[in-house]
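Letters A, B, C and D name the chains as they come in the text, with residue numbers starting at 1 for each one.
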Amino acid sequence: MRIHLLFFASAYDLAGVREATAELAAGARTGAVRTHLKSLDPRFADWGDRMRFAVNREYVLDDQALHDGDEVAVIPPVSGG
Amino acid sequence: MRIHLLFFASAYDLAGVREATAELAAGARTGAVRTHLKSLDPRFADWGDRMRFAVNREYVLDDQALHDGDEVAVIPPVSGG
Amino acid sequence: MVHITDKKIVIDDLLAEVGTAASGALNIFVGTTRNRSGERSVLWLEYEAYVPMALKKMEEIEVEARSRWPVQNITVVHRVGKVDIGEASVVIAVSSAHRDESFKACRFIIDQLKENVPIWKKEHYADGSSEWSMHQHEQPVQA
Amino acid sequence: MVHITDKKIVIDDLLAEVGTAASGALNIFVGTTRNRSGERSVLWLEYEAYVPMALKKMEEIEVEARSRWPVQNITVVHRVGKVDIGEASVVIAVSSAHRDESFKACRFIIDQLKENVPIWKKEHYADGSSEWSMHQHEQPVQA
């Protein structure tokens, strides 16, 4: 399946792009995105669990099942306010 | 001794004046003012302990010793804010 | 800084007074006059103060707040005289580096002000009568 | 009502939006950009948002605040883009009949916003460098 990735702030600095697509195996869960990002740039692992994912604009845990066409945003530690 | 009395808000409504002087026995304490006011108008007793006194702009208890020339303000329950 | 005024309170002017480039947080409490008091319709309010003592107590509250929390600027303004419905009767603004202190100090100041500052509110009702407010205060909450 | 804007936030306009003749209390939190970050001198800030999700989370926080406290109006505005030192990056205004709810709901909203709304701050320093803020958040305080 193909997902649509969004990168913000420091995640954009690492990815070098604001949007990308990724091909994942059928049945992949959000944890697979974390692994995928580490393969792109190991520094994506530096934030550990503080790097969250949002699927279709809702925070999810790593065991969230993904579906073809999902919008998956990489959310570095937020610092609004 | 002679003290200077100040009346505000509902205390002014009862006293009918903003300022007055009162003659008290030497050695009188603030409690004597409470008694004096009740003799002027029994409704001064309606507030009970919620009617406070300030001597020279500081809240005092009824056992506060008074001195000639003291400014004694009658403070009905406050409602600022 | 503490003030008592018979003029309408302009909040923007206060913010200019209280804000600094070093503060990251600003908490503002605005008490506004309500059009209802219990079941009664209120047309306007009137505030009276024992001005010199009220200013002294407000200053003491400011000093006490500063001793409890590391805040930067504090401004407290209370209105006296006639106040129309929806207007501010009191404004408290507290700036600090971090938000926790600004919230706590602001709350402390309004709670203390309502308990101890010699200011009184008179409600003028739609039926032509008026009354000095004798409402039991809300209990101060320790935040 | 929740907003994200790249324009300077005018607090008076918000107050007009949030104030009502039925409310007696208004609590406002203003987060302003500071000229220091730890030991470093900051020249200006830059905020980026995942806008549709940020608005959704802000709306959820407003709904949750309303379910917890009987408040009247809530306005939350967050700035994006370049923000000069001393300007407001976020303003939260909550009106209610009594002060306790306005303080608690306002505090809840800023705490939740800082934890969960996808907005990021970049600090631009006097030495020409810049960094996305990764500060550990203050612990939310239950007031």
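By our rule, a contact is a pair of C-beta atoms (placed from the backbone, for glycine too) under 8 Å apart; a residue touches a chain by one contact, two chains touch by 3 or more.
What you are looking at is a predicted structure, and each value in this text was computed from that prediction instead of being measured.
Visitor: Mind listing the chains that sit against subunit A and also against subunit C?
Guide: Of all the chains present, those in contact with both subunit A and subunit C are D.
Visitor: Between subunit A and subunit D, what is the gap in Å from one C-alpha centre to the other?
Guide: Here the centre of subunit D sits 26 Å away from the centre of subunit A.
Visitor: Suppose each chain is reduced to the average of its Cα coordinates; what separation in Å results between subunit A and subunit B?
Guide: Each chain's C-alpha centroid was found; their separation is 71 Å.
Visitor: Residues of subunit D that touch two or more other chains: which are they?
Guide: Answer for subunit D, listing residues that touch two or more other chains: 31, 110.
Visitor: I need the residues of subunit A touching at least two other chains; which ones are they?
Guide: Expected reply: no residues.
Visitor: Each pair of chains that touch: what are they?
Guide: A-D, B-C, C-D
Visitor: Taking the complex as given, what residues does subunit D use to touch subunit A?
Guide: 31, 47-50, 52-54, 56, 78, 89-90, 110, 113-122, 132-135
Visitor: What does subunit D use to touch subunit C in their complex?
Guide: Listed in rising order, the residues are 11-12, 15, 19-36, 85-86, 95, 97-100, 102-103, 106-107, 110, 138, 141, 143.
Visitor: Please name which positions on subunit B make contact with subunit C in the complex.
Guide: It comes out as residues 6, 8-10, 13, 54, 57-59, 73, 75-81.
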